[in-house]
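Order as written gives the chain letters A, B, C and D; numbering starts at 1 within each chain.
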Amino acid sequence: MSSRKDFIKSAALLGAGTLLLPDKPDAKPLVNRTDPAPANWGDDTRLVISISMQFEAGGEPETGFDSPFPQNLQKGYTDLPAKTWFQYGYKEGIPRLLNLWDKYKIKVTSHTVAEAAKRNPDLAREIVKRGHEIAGHGLNWTPQYAMSYNEEKKFIKDGADIIKDITGQTTIGYNCNWLRRSKNTISILQELGFIYHIDDLSRDQPFLIPVNGRNFAVVPYSLRNNDIQLLEGRYFSSKQFGEQLLLEFEQLYEEGAKQKRQMSISTHDRISGTPAQVKVLDEFLAFASKKPGVKFMRKDDIARLTLSDKSALVDSNYM
Amino acid sequence: MSSRKDFIKSAALLGAGTLLLPDKPDAKPLVNRTDPAPANWGDDTRLVISISMQFEAGGEPETGFDSPFPQNLQKGYTDLPAKTWFQYGYKEGIPRLLNLWDKYKIKVTSHTVAEAAKRNPDLAREIVKRGHEIAGHGLNWTPQYAMSYNEEKKFIKDGADIIKDITGQTTIGYNCNWLRRSKNTISILQELGFIYHIDDLSRDQPFLIPVNGRNFAVVPYSLRNNDIQLLEGRYFSSKQFGEQLLLEFEQLYEEGAKQKRQMSISTHDRISGTPAQVKVLDEFLAFASKKPGVKFMRKDDIARLTLSDKSALVDSNYM
Amino acid sequence: MSSRKDFIKSAALLGAGTLLLPDKPDAKPLVNRTDPAPANWGDDTRLVISISMQFEAGGEPETGFDSPFPQNLQKGYTDLPAKTWFQYGYKEGIPRLLNLWDKYKIKVTSHTVAEAAKRNPDLAREIVKRGHEIAGHGLNWTPQYAMSYNEEKKFIKDGADIIKDITGQTTIGYNCNWLRRSKNTISILQELGFIYHIDDLSRDQPFLIPVNGRNFAVVPYSLRNNDIQLLEGRYFSSKQFGEQLLLEFEQLYEEGAKQKRQMSISTHDRISGTPAQVKVLDEFLAFASKKPGVKFMRKDDIARLTLSDKSALVDSNYM
Amino acid sequence: MSSRKDFIKSAALLGAGTLLLPDKPDAKPLVNRTDPAPANWGDDTRLVISISMQFEAGGEPETGFDSPFPQNLQKGYTDLPAKTWFQYGYKEGIPRLLNLWDKYKIKVTSHTVAEAAKRNPDLAREIVKRGHEIAGHGLNWTPQYAMSYNEEKKFIKDGADIIKDITGQTTIGYNCNWLRRSKNTISILQELGFIYHIDDLSRDQPFLIPVNGRNFAVVPYSLRNNDIQLLEGRYFSSKQFGEQLLLEFEQLYEEGAKQKRQMSISTHDRISGTPAQVKVLDEFLAFASKKPGVKFMRKDDIARLTLSDKSALVDSNYM
């Protein structure tokens, strides 16, 4: 055992490579499953599950988007059936998902493209009325990793302003298009009052990074329990999506007895708002919500909790 | 509850973005699962299942078609084994599917490429004799979204005339190649006497759109319970296809207690006419047909019912 | 009922489009499941299962072959690990498959590339010793659909001669590379003494075609129960492969009570000779071999039986 | 039976094509399942399972790597979220896997890219402390098949030196990037003191090859029970990965009663270090570790055992 503790101490000196809790006297190593250690959420929570609901449909560009249709349309034409695939997202998808969250009294984070909210403002307001967080997800679908500092700042701010106008909610969390931030994104977010971003897959727990002398929260996202990656990218069936959720849950729940563990699930309006997806999500929620110590949290609440948690993991060498 | 009703009222003012039943006093929101509300099919129907059987094989072009074979054939040659893959559609596929529909006394809509009917006219007639609807699916496999108004009108009309000649049936419904209509398609269809199209994925219920001052029905199709998308596009196994049907059914059936719900299933001659597909379809039909309130309908019957339903959803901003 | 019989009679006048048994007084329509009719194998056989074992590995070209490795090797280098993937086919794959066939006392047809037999002649002889058919599968892996008549005839004959030299067996059946025959292939095969080919997916039963005034047998192949298509092309798991076999079997077995039905299964040395594939094949064979009326046959025996069967289906318009 | 023995004798004269144990009087053919024969591991071991844990993350290049993100990033930018996907490998993946191996008291072989160990040296040392083998896996991710003799020798040696410096362990086994060795690799490895390589898929048992007059061991790898191939290449779900392991295990375990059988499993830090993968691996290990005669071995131990085994298979015509 002592050799492992030594290992922890030396690992704590490392930067990006650290695999352990930060350099605190009571830090427990992730690699050590035999040490007794309480869960680290500050109460009897064993696993936090955070669900993302992307509200994007309606905000897609006229051309150049992905869809299940063959990508062989002649230039100069609109892919009309593909447009109806997106419409499904706001006409059936989000309403169905909202009902599902209500059924289990779960509050989620809705990463909302401003342009999508603008096209369907009542739906954006309904999301807020039901108690969910609206987080930033770009002014529109344009990737922002290649923007200049000023372009990007305007892009993020304009999106936040639109959402504020429509819903009255100030966005404090952010998700870039395909998670692709620029080297300036986090700085800009902090300047604009955001307190967290999610475009990070590196850990199964939230952590802090120092940005311009203040802590900024990272509430990790996942491509694993992610409908767009699994269903549209890897062609999983809905049944496989549900099986994946269950396997991830079981392992993280077990680990949660000794470590701070967060499970992130992603649901896009037009993809997880379908009957089959809602059915398997329903089955998963029925199962998971009955387990002791499982807590569903909005990402802003996770970010605030982490920022105020003196034992939170801090990554000082964040790239 | 009242906040949700307010939401409905304001949403009713929207166009393409409406996610609710239309602006009628008794309109029930899709987003509200707690309000008691009768199903909206006008009787005790809880879920309408509409099966499409594409009759396309034999009408494919000599080259340039998709098939399970490697797409590396040298130019100037015919892909002879691929041709036999298509032949399977009319030699084994449709006969086998016809027997399956008979077993469950189900009537389906056969979207029929005119050229395919011309090559196998007795099969086209047999489809009609068995009580199924023949709907338009193009003169041949040419995409029509890029045709001029006159070209497209002739293309649709010629196809309809051929089918009328062979089967005696007037086609009143239409499905474009890969669902891709032009901006003129719906207008042309109405001029030619068609009353509905299916090239829309936006909703799980039929609805109406005003076209030149008259209502035209949209009987939505799906890429979800769709054999060509799932088996040939996403490489689902037949077992996964069956699982997907079941999940979709269960969710829509549950929703059908309060909303007007339609489930669309698609079966292509050469893809779902195989033993494995017919076996899982058989199992699905055995299960679904025993559920109270499940009704299998041809799409022309759904269109007519919707056109005569004063409470039907109307989308006035259809693109 | 009478309307269906009329349908049969008129359909019998058609060429490629016929979906029924040929114009014989007692022909039973495939489309009619209510007529009592005996199975058509001439005895109490209800379903014939024909297994193909491709012996190809070792005969692959030095470059330009498919393998599970990334296709990004710089030109001028040999893909050494890919070569070992092929070696698995003769070092482990065929020996393991041979043991499986023995376990169930099944005789199969081994479509053998002559170059592969040349590299591993003892294995070719072992296949014959165990009682299996060696059928032609090309001199080497070169596609033959674009060859001239003379080139192709030499290509087929040279392959047959090599196999005859090594194994003493005269090949009378043929399978082209990726099933792609030229317009001359069947004629050439007949001239060279072959009595059947398998490069046809159009039916679930063997049939006859007139070639230069004599009947030639078609013993249909399948891309459905086909390991290279399902595992390497569609990335099915072995479990899914087994599920697919079972679904196909169950439907064809049911149909076999009234129609002549053949199930074709394909196993390639390096793909189905793996432990997982042999395990699911073993489970399938354990199940299927116990069903009354199931008969496993070599393709040459099916061809001979069909050629001597006066009630066999004849397709006079074969392309 | 005698005919099969004859077959063995003649097969023993062959080179690369041999499918049997080498030309020893007591050699038992792989193709013969009826002969009684003891397992060949020298004790009561029936199946050896060898697990590989690739430690690569952190050593990936700045651009040009595979990841689950769309490969459409503009040139000149870093794919920041993809970098966090790799970070997961050392921050969560390997720690989680190490705990799993501990749970079942299994020692594995960690194929370690030197650059990855350099970035996270404490993790490399932790792997050794826990009792696992560190094997060579390149200085960095550069493919080595196209290097000159001198370049390649330096590439391999520099990597080995770094790992020796960090962990104190001398690497004696090697795995090339994507298994792609050059024609010089094995010679170089032997010169540098390595005793085995794994870049071979041809057999389900270890074997020997003469290299410059001395035997060198081949401890075969697999693309079958391989997470990068199945999950990232074929989009298997974790459940399918587990099913595949089980099927492979069952068949090899059965064969192990009469033949020397080895099962190889591959786990990459960022792919199998996820909760779902560790959950299915846990379930597999719980099952397999209880079976009599199952032995988990590091690959260096397999190599040493094979080199000292006078009955080991020798392939004298290794390419």
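In the analysis below, a residue touches a chain if its C-beta (ideal position, glycine included) is under 8 Å from a C-beta of that chain, and two chains touch if they have at least 3 such contacts.
Computed from a predicted structure; not experimentally measured.
Participant: Can we say the copies chain C and chain D touch using the same residue numbers, with more than half in common, or are the two sides different?
Facilitator: Copies use mostly different positions to touch.
Participant: Through what angle, to the nearest 5 degrees, does chain B rotate to match chain C on its C-alpha atoms?
Facilitator: The C-alpha superposition of chain B onto chain C needs 90 degrees.
Participant: Counting only Cα atoms for the centres, state how far chain C is from chain D in Å.
Facilitator: 36
Participant: Taking each chain's centre as the mean position of its Cα atoms, how many Å separate chain B from chain D?
Facilitator: Centre separation, chain B to chain D: 50 Å.
Participant: Among the residues of chain B, which are close enough to touch at least two other chains?
Facilitator: 235, 240
Participant: Quick one: do these chains touch in a line, a ring, a star, all-to-all (complete), or other?
Facilitator: ring
Participant: What are all the chain pairs that meet the touch criterion?
Facilitator: Listed by label, chains in contact pair as A-B, A-D, B-C, C-D.
Participant: Once bound in the complex, which stretches of chain D touch chain A?
Facilitator: Touch residues, chain D against chain A: 58, 68-70, 73-74, 77-81, 83-85, 87-88, 90-92, 94-96, 98-99, 102-103, 119-120, 122-123, 125-126, 129, 235, 237-240, 274-276, 278-280, 282.
Participant: Which positions of chain D touch chain C when the two form their complex?
Facilitator: 3-4, 7, 10-11, 14, 16-19, 29-33, 145-146, 178-183, 199-204, 223-224, 229, 233-236, 240, 243-244, 247-252, 255, 263, 319
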